[in-house]
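Below is one structure; the comments refer to it alone.
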Amino acid sequence: MKKDRIKIVTIGGGSSYTPELIEGYIKRKDELPIGEIWLVDIEEGKDKLEIVGNLAKRMVKEAGLDWEVHLTLDRREALKGADFVSTQFRVGLLDARIKDERIPLSHGVMGQETNGAGGMFKAFRTIPVILEIVEDMKELCPDAWLVNFTNPSGMVAEAVLKYGKFEKVVGLCNVPIMHNMMESKVIGKKPEDLYFQYGGLNHHHWHRVFDREGNEVTEQIMDKIFNQDENTVQNITSIPFFEEQIRDLGMLPCAYHRYYYLTDDMLKKELEEFAKGETRAEVVKKVEAELFELYKDPNLKEKPEQLTKRGGAYYSDAACELISSIYNDKKTDMVVSTRNNGALADLPYDCAVEVSSIITAAGPKPMNFGKFPPAERGLLQVMKAMEEVTIEAAVTGDYGKALQAFTLNPLVPSGKVAKVILDEMLVAHKKHLPQFKNAIEKIENTL
Amino acid sequence: MKKDRIKIVTIGGGSSYTPELIEGYIKRKDELPIGEIWLVDIEEGKDKLEIVGNLAKRMVKEAGLDWEVHLTLDRREALKGADFVSTQFRVGLLDARIKDERIPLSHGVMGQETNGAGGMFKAFRTIPVILEIVEDMKELCPDAWLVNFTNPSGMVAEAVLKYGKFEKVVGLCNVPIMHNMMESKVIGKKPEDLYFQYGGLNHHHWHRVFDREGNEVTEQIMDKIFNQDENTVQNITSIPFFEEQIRDLGMLPCAYHRYYYLTDDMLKKELEEFAKGETRAEVVKKVEAELFELYKDPNLKEKPEQLTKRGGAYYSDAACELISSIYNDKKTDMVVSTRNNGALADLPYDCAVEVSSIITAAGPKPMNFGKFPPAERGLLQVMKAMEEVTIEAAVTGDYGKALQAFTLNPLVPSGKVAKVILDEMLVAHKKHLPQFKNAIEKIENTL
Amino acid sequence: MKKDRIKIVTIGGGSSYTPELIEGYIKRKDELPIGEIWLVDIEEGKDKLEIVGNLAKRMVKEAGLDWEVHLTLDRREALKGADFVSTQFRVGLLDARIKDERIPLSHGVMGQETNGAGGMFKAFRTIPVILEIVEDMKELCPDAWLVNFTNPSGMVAEAVLKYGKFEKVVGLCNVPIMHNMMESKVIGKKPEDLYFQYGGLNHHHWHRVFDREGNEVTEQIMDKIFNQDENTVQNITSIPFFEEQIRDLGMLPCAYHRYYYLTDDMLKKELEEFAKGETRAEVVKKVEAELFELYKDPNLKEKPEQLTKRGGAYYSDAACELISSIYNDKKTDMVVSTRNNGALADLPYDCAVEVSSIITAAGPKPMNFGKFPPAERGLLQVMKAMEEVTIEAAVTGDYGKALQAFTLNPLVPSGKVAKVILDEMLVAHKKHLPQFKNAIEKIENTL
Amino acid sequence: MKKDRIKIVTIGGGSSYTPELIEGYIKRKDELPIGEIWLVDIEEGKDKLEIVGNLAKRMVKEAGLDWEVHLTLDRREALKGADFVSTQFRVGLLDARIKDERIPLSHGVMGQETNGAGGMFKAFRTIPVILEIVEDMKELCPDAWLVNFTNPSGMVAEAVLKYGKFEKVVGLCNVPIMHNMMESKVIGKKPEDLYFQYGGLNHHHWHRVFDREGNEVTEQIMDKIFNQDENTVQNITSIPFFEEQIRDLGMLPCAYHRYYYLTDDMLKKELEEFAKGETRAEVVKKVEAELFELYKDPNLKEKPEQLTKRGGAYYSDAACELISSIYNDKKTDMVVSTRNNGALADLPYDCAVEVSSIITAAGPKPMNFGKFPPAERGLLQVMKAMEEVTIEAAVTGDYGKALQAFTLNPLVPSGKVAKVILDEMLVAHKKHLPQFKNAIEKIENTL
């Protein structure tokens, strides 16, 4: 792609993350010839869009750049002729996420906004909207790349590929970057001096690590992590994995595997937060309110330090790097959600996977990962099936599929409790689940 | 196989099931030219072997047959020149099963002696013994068929195939027969007037049903099962499945799927039994004691009615039918555990599956089943991975693999509770787990 | 299927085979309650339809049956409410087959009317017609079974499944029956005392044989075939296979494998026949003319002995047996072309394969065949690819695909000669290849 | 790999290519800290080893480098502690290749020293020797990388992986480099400005091309190649492909596909060369003799220009680049023969494939290629099967397998002619085929 000036659209532009995104573009000003940045949001997000959009304008101006920054509620106007569309919107805003977490916890079950019951409802709310966006893109900017970081990022990417029939989509996540940074530190190296090979699903992947001499250092990283004398452990893990299990894997899990390998402790922690009204969503809501107070300051002309604490650091940077890698055909090695096509032999050919890929001008080219040992394979396969059924439920509004997906999910206990939580969440999110209208009415009638 | 007189060996011959087996042979006396029946047991089972063995002799005599019935503790003598070897032994006897069920339940977790924590320990105890038997068979009766009904029947069959490198093994289970009988009744048919196609794993399969006019009647069976007005429901299910979920499956689950689809209610029921000292194992122990009292009666010359209540009805009949089908090349349609070889496209090529097969003189020829929809597929794949890792743990005594297998198992909550149960069970079953010696010592040292 | 009176339609009813079909029905009069038989043909076949149709009527009457036999040129009228539709039509009649064989041979290349250049052109002519028939069936008799024996039977079945989106189709062939008969004779057994397991493609399959004692007798059959002293050899093979090659296969090939394993001798034989004007098609044309002379005799009231010599014996019997097996849910073991669904792990999941199947009321249920050794696998896979590309060419009329298919076909030498033959055949068959109109015009313009 | 000084061994060091290899090392002197180069050859190659080895020494000296250059007939001494072992030996020297080509041609059949009958005999001679080398390497330099360019490079790599059980092997070929250079030139670009994705087997692969703007330019390259007005055609192809066929492929074939797509013209050309005593082997033999005359000149201190004409240009450069990429963890994008592991979904998981890979310190990491369309897939699969059976024949000396492999090979007509050629070649190469001793004796006895 060698246009002189590119147009980038961000849907959910009123997000508190936007300054990080703008910072990422500014950092790459010499390689990314941006012409226009369009920040799009919806009516309910208008105020936040104004606040963060004006900060974005001040940042661009401070950097001495002539980029146009547009703020709009008109998505279609923004999409016209776009080169890259990044999506970071949150249907129902943080209040929806609070429900995603608190309703399951009120029944003693983990919420987990990406892969648990919460994440499944996020998929139910998000997928119909992303499919609308894709329809607009096909009409208004059919050659643009869609760079998604709305969670659950893997399911959203699969929905776009399978049901949106749109190929130019990449799902992003900051988890691999965090691992690269932490694990290289643990063995006293820089990330760029190690080769990380990732394979799996979004928030559910494993990886192996090699050094520049060709040695696999995966075991060496485990040695350091499980060596109790060193204080590196604390940096890596709030709740430590079982060493015997990780050793048996032969690969490094991702941080989210704690939910699967250490379920009881993770649940206990979440229930404590729930009791204090400090679930992750509630904490984030407070942090965001503070951030927007900061953003209002007309003297603020750069990303404030506090944003880093918001969580999700490096997310936006990953997006900017991806955009630059596609634009400049950089052949960067990144971990993205993309179509499998056999890169992970244990999963369906046409599903979305998260896998180390070379980012070219023609998009991500996945490295072949091959087959997993049974211990990884079984979990991976049940998660993918859960994703497939969740996406189908999101598209069709079929209650049976939603219940099935809950049953498949290893983070949701099966049986009556699953049904009760499902029903309560459907009713609570009613406004954002038009596809489940019939199912919700039926539930309301039997209450 | 057309020998004039065949030799059948039953390992675990002192089992309370033996009379059913003998009855099954007697029923088939015209098609099965039995010469010798050898009932083998171990020192601890000597008394039971005497009691049940003498009943067997009386039954054969009463039937006017000249079959020799041998009782022995010398397995190798029995195996010499055998044509069929059936295995129904229970390492550690019912006391081990009581531990399998009560230890997990004491931590609020399901025991489940076939696919749960209990079943995994049964695999740990059984697999080393079956592999010894297979070694003996290779030497003493290499052409004999091994017909196994010791649970977990699928894992035992896979261990024999993969680690025993012995091809002539068939795993059996009575669950499909029960389904055939109940479901045909529900729609007012006879089992022989329906065509059932089963696919999956032992105690974890689904099936579709067709009538003799070529119509699929799977939905029709669901209609009857979920029609609340009819009293058929009670006959079928003690705890009813969620209709929306079963409809979404598009296939009929097996009774054991309750553990996966209705986990909380099943657990609640087991915890109640646990509190009353009436876990299944404890109930069975009492029933067995009563049965052996009956068996002692020298006037008893046929299978007593009470045995039917023991559970596991049709098990022995299935074994006799299988033996006769192989001997007579009957081309019977039976559901057996056998090597996959692609019959279930979603599972590894070389694993054991439970699948509708045509039983020929050359053993079972599986019907092709193809791919499952994602809802079945995900659960099936994680269960198979759990089985593979369990078998590996059973063979190697590797603690990490055992913990991994516990984590993969959907019936065992992951995290500390899994580890605590695992450790406690390893120590409790110490006597029957020589392969885990090192791991158990380590646990004992840290207690 | 339990209708009181069934309606059977035969498209290509004017075929010389029809008497065999009628005889097959009469033989099964006690199990097949036929109401109506409709023989359908096209204008050009009207005379033959009259002749053979009247013979059919006489045969039915002679058997004392009240079946209605209708002769018609109106396919749609015939299809209305049909229960079974069998297809044995030949687009372009035998003259087209003569071209299929003579044109390639005129360039020193095998014609081979099923899998060679001739068979590909037969597919080009037949597939558009079968797809029309299927459209009619969807409208007029959507629940009927389509039983096809028009060659290339496997490609026709695949076209119906993939492009016609019609599931109730079965492809038939008499080759397996011939093998069963000959090979059982070679080892002094009856076919019903052996178990034959077939897998592959139409006219391109391999099989293994087991006796009723469970022993594989595949090697034993080879021993007899390759034992030069016995005169059995001559019965089996006009041109003998290389023993070393067949031994290495570990399975028995089908008679058509001579074209692939003994290409030069087969070609030599065909070229000799070509020189004498006695290609198979020319011989058949003469035989047919004689047969129709016989059929005209109003005193002929049964299938004449001469028909057996026509070749294709047992074809019609196979069709009648298939129809009866579906109607009566007979669970017969037959070799049919049906959807793969993983039964042959080496071939695409959704293609058509020819495989031993159990014929139920719900259609054929394939036995799982698993993977082939590389020697069989490579040939099988290139043939399937050839079939897929041929079918695509037949459906689209794309010249590049047709050329590609010629190149893939191991019976057609690649390069200029392939192109020359392709062009000449396209022009020669112009009348029956409307889909290739553009390509043919282009060729004619450059001539 | 970060040793200060590395040891490189070249087996077949007396080859005429060695100066190119030395030049490649010298070009990379700043990135490759070579300590020792060992050129190994056998007794028959001693003279050539002396000549070319001394030239190598002069070249190194001229470049002002302190590298030790050793010439030896003692392979084991050379291998001790090696870091890289490159193999370019030719069992039976060029005289064997002359037989490989002339014997088939004497029967009107293509020789083709890589994938045809000639290539298969090269595999028969080479594989036992490479397996011996691998055994030595396991003992003497188990951490070294084996970089093979002895043809048939893909089969040799597969033999090392499967039968040698040695993982650190990479097969190399110069064909992809030639394509990159020619095709970029055709559309007026530099190779480094295009992204080539290759997949297939050695001398049997296809590729797609993308530019730095992300557009696929595969079709654009075809446009140029098939545009008759431009004189680019001549540069690309001596015998032009059929445009319709290449368009249908949707990918670019490799130059060797001419043998499969244009068989008759290629054979015609070879037969003409055969008649003139100018088969490729004979021409090369003359060129080599001239080269060695040049090499003798003590004043020659660099690679002579004439070597480029020898063919096989860029071969050695590819090897040097590969070695440097591994040593320096360069992440270069190269096309190599390596273990499939699912990168090509259409081929067995554990076979060797030739595929675009990222070369890291830990060896090649293949890019995922996915599935091919049927036109490519069929040919690819039969070729791989041919390779597998050829390798098995090479390892076992089984005559049936050799005949089977000949039958599978699309370049060898099947039937008697195949057998005659096979027998004649076995006898002709007797000295270098100890594993076929029994088979050869049998042939000789029947002559």
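Chains here go by letter, A, B, C and D, matching the order in which they are written, and residues are numbered from 1 within each.
The rule is simple: contacts are C-beta pairs under 8 Å (C-beta built on N, C-alpha and C of every residue); 3 or more make two chains touch, one makes a residue touch a chain.
In this text the structure is predicted, and so the values were computed from the model without any measurement.
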item: Maximum centroid distance from chain B, chain identifier (CA atoms); value: D
item: Intercentroid distance (Cα basis), chain B paired with chain A, Å; value: 44
item: Inter-chain centre distance, chain B versus chain D - centres from mean C-alpha coordinates, in Å; value: 55
item: Residues of chain C touching at least two other chains; value: none
item: Chain contact graph, described as a line, ring, star, complete graph or other shape; value: ring
item: Contacting chain pairs - touch in the sense defined above; value: A-B, A-D, B-C, C-D
item: For the chain D and chain C complex, residues of the former touching the latter; value: 242, 244-245, 247-249, 260-266, 374-375, 377-379, 381-386, 388-389, 392, 398-401, 403-404, 407-408, 410, 413-417, 419
item: Residues of chain D defined as touching chain A within the complex; value: 1-2, 195, 197, 210-216, 326, 329, 331, 333, 341-343, 345, 349, 358, 360-363, 365-371
